[in-house]
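Chain nomenclature is as follows: A, B, C, D, E and F, assigned in order of appearance, with residue numbering initiated at 1 for each chain independently.
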Amino acid sequence: MDLGPHAAFIWASYAAFVAIVGALIGWTFFDGRRQAAALQDADRRGLKRRSEPGPKQDGA
Amino acid sequence: MSPFLALFKRDLTLAVREGAALGTALGFYLIVVAMLPLGLGPDLKLLGRIAPGILWIALLLAALLSLPRVFEADHEDGSLEVMATAPLPLELAVASKALAHWVSTSIPLALLAPVLGLMLNLDIAIAPVLVATMLAGTPAISFLGSVGAALTLKARRGGLLLALLVLPLYIPTLIFGISAIGFANLGQEGFSASFLILSATSLASVALAPIAAAAALRLQLS
Amino acid sequence: MLLHADHLTVERGTRTVISDLSFTARAGEALLVVGPNGAGKTTLIRTIAGFIPPSAGVISLKGDTSDRDIAELSHYVGHLTGVKSNLTAAENLAFWAAYLEGGDRAAVSDKVDHALSLFGLGALADYPAGLLSAGQKRRLGLARLSVAARPIWLLDEPTVSLDAASTELLAGLIQEHLAGGGLVIAATHLPLGLEEPTYLRLGAKGAADLSPEAQP
Amino acid sequence: MQTLTQRLANPTRFMEISRAALPWVTAGAALFIAYAMYLVFFVAPPDYQQGETVKIMYIHVPSAWLAMMGYSIVAISSFGLLVFRHPLADVSAKAAAPIGAAFTLAALITGSLWGKPMWGTYWVWDARLTSVLILFFLYLGLIALRSSLDDEALAGKLTAVLALVGVAILPIIKFSVDWWNTLHQPSTAFTSTVDPSMRTPLLIAAIGFTLLFIALHLKGMQNEILRRRVKTLRLAEVERGERLFSARAE
Amino acid sequence: MSPFLALFKRDLTLAVREGAALGTALGFYLIVVAMLPLGLGPDLKLLGRIAPGILWIALLLAALLSLPRVFEADHEDGSLEVMATAPLPLELAVASKALAHWVSTSIPLALLAPVLGLMLNLDIAIAPVLVATMLAGTPAISFLGSVGAALTLKARRGGLLLALLVLPLYIPTLIFGISAIGFANLGQEGFSASFLILSATSLASVALAPIAAAAALRLQLS
Amino acid sequence: MLLHADHLTVERGTRTVISDLSFTARAGEALLVVGPNGAGKTTLIRTIAGFIPPSAGVISLKGDTSDRDIAELSHYVGHLTGVKSNLTAAENLAFWAAYLEGGDRAAVSDKVDHALSLFGLGALADYPAGLLSAGQKRRLGLARLSVAARPIWLLDEPTVSLDAASTELLAGLIQEHLAGGGLVIAATHLPLGLEEPTYLRLGAKGAADLSPEAQP
């Protein structure tokens, strides 16, 4: 593909665009995974506490 | 005395008694302007050319950084709560306070500008125009700034954040203030157009900013 | 006049501090809001003053209120005094007199003189307020009550840092205001020394109990 | 009368609907973008004036549009939050800001890289470029203000006030080229002056990136809702820990 | 882990978690630089000439205004009191915090400078020299600034006062930073002299500023 | 070890808060500083910690102190907790462990785990401290006492925002510290539940009375 004398600018702008939008997509995806994991963890802890009494106490 | 005037008078009295606030703002203005020749080299011709722009921008920063105290003090000592239950609408209270800031800080800064201009080899002939544009433009600074001050009342990182929020709003004032001076150098025509837009920007800020600032204050009282 | 709260629910952050609370306060009557720390007394007073929008329910005023809202008809006295250190006691009060009610210079200055001597601050009129002690500052804040006439007084722990004499003075002032057809709602941990107040007891969960026996 | 639980029900429904829609929107975005890129690199002709650099247009122009659309979403959501107190509005405003900021940055950078071959400089201080830069500052301000307040509900509302104050920037960006004579291309908005061979790929790219924006926005809102749930659960856990610990004394 | 490192690591972790702080500083830098062409007119040749000075001065302001939080947060939550009773001398604690500020704020600002330079039509060839002088000079900014931040810990109107106190101390750094760039444009000789003095200024600040800052902090704890 | 204050006078602003106070605290002994609000309890503790220079008199340490000054040998726990909201509970404590005593990663993490479970925070170790309640934050602050060994503990109202269980826990910890030859000086309004503490009663005028009968 011949992009003429200004190929470098074209490639640079596509690269910058991919970098920015890619970072955005990656971060959104990663954040989703993190929140889902945190929610599962929080849910699991909540359930555990409710079903089985804690080791030392739970007279409340 | 009307409530609006009473508040205005109180804020001016406080500004005079707490003179250090104005002194700090003027000192900051002075030192920022003084640093420029050090950074740009002592080329007097160059300095004279960029002087109006420099004086305007440094004035923006000095006025801006003196703004947070406008509401902070009243928030800390509970005056703001009383004002929120008074017959005078909070919008007008904000306007009164912004007006007091304009009179007590922006005007002195504008009057100091030509003096600092001497250090920058500013063409003396421009000085009156410079002060005139500053007087016409600074109401926008004080009033738009009051929105920023109200928004950042409880925020951490006050000063820097305030600047980040408010400086973009100051850009039209800066552009037309500078272009008015530029036109004044050449002829009257463009000047009066720029000057009118500058004044219109100020008037619009005076009319609209208190509404936003009062809304922000109410949210923070809750 | 009659202030009525109807199924009021107020949330702070994620917590429901006041839930489904209804009560009525009548002119000539003092309503004392009591309850343990964190029960929501301050929250209730600030909600009535209009600072906090309730998440459900309404607070309404009945009677001759000339269409003004509750905030404008109220004196709010909270934990902060609204006193400026760099103004004298008299200047502080003169500002609030002018701000809250307007009026010409002579009228304002009369009101200020009267209020200052009423609160035992006459001798300190020309002292910068920054030099006053905590109790004196507090009295200066309370003196606002007497420089502008408002039918509703909303007081949040008004006796904090007051000594016995000042507490008594305040009780007298409240009694007088009630006798003149005023309405007082005060959050407090102390009985305040009023004749026949009504108690509104807020529980730890925002449940309310409105009865004479509920007194602290 | 809305209680806390009722209000939570609303985001729950949003989660269901958006979870169902997200794969389709994502797939649509991928398809349109892929097709547009094929057209751009293998079909579309070079411009008779600008040569091959016109290829930058296919990312620059959609970025610029989405920069403005992002701010519109923030502004509309802010309005919804302040006026109707809709709980999802805050989530939407919060999620849209970083996406809008990213596309604004992309418009600035691709524009600069286009400017060098076309105008001979990366940057000129003309009205449109400056106003887009201001838009970028506004986005930064929104993000910074929100993150510097501890009380999240308050942060959302104050940010909304700021967003509405800044909304004046949109017409300025849009019409700056018409009001001031500047270097930048005036708005042609698909009038017949653009040849179809370039208009079609631009249109398809624009649709693709808009779908991408929507997908990111939906996903961002889901993440934010999850984050709030996690926080609520953790607070409950903390309160529970406190109670259990206190019970030891009795 | 040594106490010095533990504190440094904690401050960096906090800087990353509270990412908006850095964002605010960068945003402020960006906007102050962007306002200049608006104030001075879009004459690219002029801009290119004054760019290094402008970039330096705006960097000074941005770094400076981000400083108050460095000690404020530790003061508000009581960490400072604990640090004052720890085996690590308070001087070293201050040094660790200033170092963390340098790494987390000054370095990113210095790296952003050439990008902003593009907007000011800065000669690309100068960019590496610009960044080098900034990296050599900014330790002085962070360390001298920590003295100002410590002095104004309890002052109201922190930002403006801090700037007024500290900006004069920054003048040597500014002068030699700029002159090093100027010399680099002409030949190597003057450059290395200026660059050495610049680095010496930084080293002296690193060595001496913590002593003054720690003394100021101790006074405020009493 | 023995901490001795000799004719101590401390001024705040223009007031003399503590005047001519002498006392001795011995290893294995808890010295409780009591007195009404404003008596100078906080001032005394902060003077011992080295924050406030006394205007007259000296505080000296006798015994095996390896030439380190009082501040370095002390844990100071004041009204503020020294807890960062953006770090987790474990990270907070790990920082203080490393900062106050150094040590490698494994040693630090052992100490942190032990301290967290001791103060009932084990389940919350990985939560950002900003989410913790006031009492939990306070406990996290107190957990510093157990991650670094210091012979002298200076505590200013350590039970503020603590419930009964936590107070008991703290009393046990103090007792243990005393048994190990430690020295505790605590300002407090409550008896704390210690066995045989010595009381140092500060009067309204800074006059002191050191006797077992002076207990609150």
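By our rule, contacts are C-beta pairs under 8 Å (C-beta built on N, C-alpha and C of every residue); 3 or more make two chains touch, one makes a residue touch a chain.
Just so you know, these numbers come straight off a predicted model, no measurement behind them.
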- Query: Chain by chain, through touching neighbours only, how many steps does the shortest route from chain A to chain E take?
  - Reply: 2
- Item | Intersection of contact partners for chain C and chain F | D
- Message: I'd like to verify one number: the distance from the centre of chain B to the centre of chain E, where each centre is the average of its C-alpha atoms, in whole angstrom.
- Response: 26
- Note on the structure: Chain centres from averaged Cα atoms put chain D and chain F apart, in whole Å, by 52
- Message: From the mean C-alpha coordinate of chain A to that of chain F, what's the distance rounded to whole Å?
- Response: 43
- Residues of chain B that touch two or more other chains sit at 73, 156-157, 161, 164, 167-168, 171, 222
- Query: Residue numbers in chain D touching 2 or more other chains?
  - Reply: 130, 137, 140-141, 144, 148, 150-151, 234-235, 237, 244-248, 250
- Query: Multi-chain contacts in chain A: which residues touch at least two other chains?
  - Reply: 45
- Hey, which residues of chain D end up touching chain C in the complex? 1-4, 151, 153, 232, 235
- Item | Of all residues in chain A, those that touch chain D in their complex | 1-7, 9-10, 12-14, 16-17, 20-21, 23-25, 28-29, 31-32, 35-36, 38-39, 42-43, 45-46, 49, 54, 56-60
- Within the complex, which stretch of chain C touches chain B? 46, 49-53, 68, 71-72, 74-76, 78-84, 86-87, 91, 95-96, 98-100, 102-105, 108, 141, 144
- Message: So in the complex, the part of chain D that touches chain A is made up of which residues?
- Response: 41, 46, 51-53, 55-56, 59-60, 63, 98-99, 102-103, 105-106, 109-110, 113-114, 116-117, 212, 216, 219-220, 222-223, 226-227, 229-230, 233-234, 236-237, 240, 243-248, 250
- Mind listing the chain D positions that touch chain F in their complex? 150, 231, 234-235, 237-239, 241-242, 244-250
